[in-house]
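In the two complexes below, chain A is the common chain; its partner is chain B in one and chain C in the other.
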Partner chain A sequence: MTGFMDFYTPGSTFLHRMDPRVKILAVVLLSLLAFILSQLLYLLVLFAFIFLLLYLARVSFGKAVFALKFLFRFMALVVVLWPLFDPVGTPVLFELGILKVTLPAIERGVAAALRIGCLATVWYILMFTTQQRDLVHALVRMGLRFDFGLALAIALRFIPTFSYTIEAIKDAQRARGMELEKGGLLRRSRNYVAVLLPAIVSAIRTADTLSLTLQSRAYGARRDRTYLRELRMRRSDFVALSVAVALFVLPAVAKYILAVTI
Partner chain B sequence: MVSVRNLRYVYEGGIEALKNINLDIASGEYMALVGGNGSGKTTLAKHFNGLLRPTGGKVFIMGRPAAEMSVAELSRIVGYAFQNPDHQLFCSTVEEEIAFGPRNLGFAEVQTKERVGYAAETLELEDVLEKPPASMDLGTRRRVSIASVIAMDPKVLILDEPTTGLDADETKALMGIVSGLNREGRTVVLITHEMKLVSEHANRVVVMLDGRIVLDSDARGAFSDLELLKRCSLLPPPVTCLAHRLSHLGVSREVLSTDELVFELTRPGGDRR
Partner chain C sequence: MKDGQPEQRNDRLAKPAGFVSPKTVAIYGVLIALTAAVTYSSAAPFSPTKGYFNLGDSMVFFSALAFGWRAGAICGGVGSALADILLGFGVFAPVTLTAKGVEGLVAGGIGTRKYGRVFPIVLAAVAGVFVLVVTSILMYDSGLLDADEPMPLIVVLIPLLAIIVAAAVYLVFSRGSERVRTWTPIALGVALGGTCMITIYFLGEWLLLDVGLGKAILEIPINIAQAVIGGTIGSFLSHRVKKYYPSLSRGM
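Showing the complex of A and B:
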């Protein structure tokens, strides 16, 4: 588990090299596209397209399986449950008491599952191919306040550290005879206090130290910041951006202006 | 007390942290476990109370296979005081904190009180029993964390870098207490980077390098092989290093304290120019 705290997989595919701002924008547009489309066929095409991108990102197999395992289970659940709560339409496939399963409901269930699949996978691709600091940097260059960006970066950075601390605390308390899974509700909740309280104290101590180190490194001395790594759009970035915008705008125009069912 | 046979441990992710470790710790020993960072000291010690389970090989505690016992059962025999006391302190008073272990082990309230009294007395905490541990200085917090382990009356006490961040007085006081616990008959395993402590207190030194035990001897023997120690990122106490430098004057290389060096330099005879 600890190995997957950061989804980023180093690589040099065109997705890795893409300007992170373009990548974020493209991901948002493709996500919106998944909501515009309602025809099963088009959703399938989008799903296939996104999986092609995932393939092109050359993500390590282990990480991809780890991420997609949960997604596929969830999609399967949606497909199964959707028709049970949506008995609208004909033809009715079978009826049993209050249970009524119709073909359009199944189609809608599959469409919803595909939509979720597209949405999750496209964001996974962003996480797989972009370093956290680039992500935050891009958000800041897109207008996020720098201190918010820094807070976000620090939060992401400290997830693995914090999980390590919690493991160390668990070890320390187990060495004092604590058994997390044993005992009644009262005993167990007390045991969780024994883990959570030191964790919170240690998080506060860390935050305190961190704020001091930030200040001692002249954080906030100047309002206008310079950046070590400049983001510059290359021609390939403009191409990618155009493709993403076109992929979104054309179906949107077709649906909302030309009133074509897609 | 503790027997380790052909112990091998591989961390998730494939790093082999322990390679074929064989070790016997006798009852009443004061053993120092030393080595550079990442040499496997803590990984080895965590096997003594079951926090880690072997990938290969076996660990026996008092003749019983550790694999058959839970961490809670093992913690009755092997107490482990971690490096950072803040990873375990969570109660509102020192007394509660010390009582946590005995209560977990199901001691009766009378017995728990007795254990807390003993631990507080041993670690010199009687005056602060009602105070919150979180707001105390590091030296006291560390004593509280050791008291909370001692309260379970373990026969073996593992101390993981107990003096990190302590000043000279606090270190001296703490190590004095630990020596007392050893005199009571408790086996002490001291994990440390401070060779001065090792030379002053331990009667056995086990040196680790890259997941292997490379040296196992008394403190005198351990500090005589400078080359080996260097490879293990260790430096003997300054007085021992000085003795090595003076060895051409006939000074013994096995000097462990200032007094011994003074004796070596002032004793009559020897080849001194």
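Showing the complex of A and C:
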């Protein structure tokens, strides 16, 4: 299975330049909005809006296709499976034995699929337009403990390294005659232990070196640590923040206070 | 905690002010990365549900059993969620974070504790009550037992069976060999952790992601396979690594 280690696509669109904290907040608000909306039409509008953002982010086509390929298949599956297991309401479109497909069920399936689509896409936009270190930095600035932020940053840095290590160990074991692609699930899993054990030992050695490195660079010597790159909110960031808040608050007020069906 | 206490500065593994020790940060970071990398490179697509089978659970259980519940929860949860995102299954990431996090937490919490004399008693009691409840339900269901007029034989038989099972469990785990006593908590932790993971995935996919009941049910067998295989490999790995790297989990 192939994928990308980092979804970030370099660019200079307004989404790239936005403060990562604002981006995270906006993404959270848009995700909550997807849960508030229940009418098909409004979900469709939100979906279109999010895809407009994706277009404006000027993401590399390959990465976008890879990230969303599974999503579309998943959405299709939800649309197909939903009516089969939730035959509610009328009118009944057709009946086949115990299978009963109704119009409301199809509508609900499409709505559920759209909601999932909104949720996933909006988070991938964040990942496409923000560098991983900026994401971690923003999370630390938003209240994540610095040491856990550091652990997360280390993890993101080492995922590609360990993937290559595992591939190298696999090749080494294949050279010794181990067949990793042969046999059933059980046998393959058992053979995989011969890959996992060296990988763990190698990872733990890395951790030892890392902890020495952290100490030699005076990790945690002072609580009031400073940062090389400071995050600063600009005027455009405040505009973006207010737009995102308005996008969430207005429908929420309409639904929960004015009791409008949306 | 106050800044810069001299006796802490001199100790190489001392906790710096307010933060966890550098060793913990390094180990957590590396374990998160390793969990994600193992999930990533062992992922095999599973076409019926458009999900994927992977050996990431073995790393979740390894983290939990070798480094305790906190490492299991954080490294298992975050690492698996990151792998989901990188593989293009970002929709599942929040559910994965909770499911694998709880799996690591439960497995580590139960599997790594040192149990004294009370443990076999608790285990025996749990087994007894389990037998009592299950057999009663089965009896009522099959119509052997009537709620209005309980048959004396069965009323005596069920508690007797429960007591025998409880006594057997107690004897096996209090008089059992060293191997039985080491592996029972681990097996229990893995089983309960796996059950939590499967339940959370099912509920999360059904209720939170709204994928429909059908797909959520289809996912259960693949999750069971993952938990069983991952649990076996993970507990084996943690046993081996702890044996040859005894200094590993110290100074965290």
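Criterion: the second predicted complex is superposed on the first by the 251 of 262 C-alpha atoms of A that agree within 3 Å, B and C clash if a C-alpha of one lies under 4 Å from a C-alpha of the other, contacts with A are read in each partner's own complex, and residues count from 1 in each chain.
Definition applied: a contact is a pair of C-beta atoms (placed from the backbone, for glycine too) under 8 Å apart; a residue touches a chain by one contact, two chains touch by 3 or more.
Only a predicted model underlies this, so the values are computations on that prediction, with no experimental measurement involved.
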item: Combined model on chain A where chain B meets chain C, clash or fit; value: fit
item: Touching partner for A:176 - first (chain B), second (chain C), both, neither; value: first
item: Angle at chain A between chain B and chain C, C-alpha centres, nearest 10 degrees; value: 80
item: Which superposed partner A:260 touches (first chain B, second chain C, both, neither); value: neither
item: Chain B versus chain C as contact partner of A:70, first or second or both or neither; value: second
item: Greater residue coverage of chain A in the superposed arrangement, chain B or chain C; value: C
item: Chain B versus chain C as contact partner of A:48, first or second or both or neither; value: neither
item: Which superposed partner A:168 touches (first chain B, second chain C, both, neither); value: first
item: Chain B versus chain C as contact partner of A:249, first or second or both or neither; value: neither
item: Partner chain(s) touched by A:115 [first = chain B, second = chain C, both, neither]; value: second
item: Contacts of A:211 with chain B and chain C, given as first, second, both or neither; value: second
item: Partner chain(s) touched by A:197 [first = chain B, second = chain C, both, neither]; value: both
item: Minimum C-alpha spacing, chains overlaid - chain B and chain C, in Å; value: 7
item: Residues of chain A at both interfaces, chain B in one complex, chain C in the other; value: 3, 165, 193, 197, 201
item: Complex contact set, residues of chain C against chain A; value: 3-4, 12, 16-34, 36-38, 40-45, 49-50, 52-53, 55, 58-59, 62, 74, 78-79, 82, 85-91, 93, 209-215, 225, 229, 233, 236-237, 240-241, 245, 248
item: Footprint of chain A on chain B - complex, ascending; value: 12-13, 46, 49, 51, 70-72, 75-76, 79-80, 82, 84, 86-90, 100-102, 104-105, 134, 148-149, 152
item: Footprint of chain C on chain A - complex, ascending; value: 1, 3-5, 7, 66-71, 73-74, 77-78, 81-82, 84-86, 109, 112, 115-116, 119-120, 123-124, 127, 145-148, 150-159, 161-163, 165-167, 170, 185-186, 189-190, 192-193, 196-197, 199-201, 203-204, 206-208, 210-211, 214-215, 219-223
item: Chain A residues touching chain B - in the complex, by the definition given at the top; value: 2-3, 165, 168-169, 171-179, 193-194, 197-198, 201-202, 205
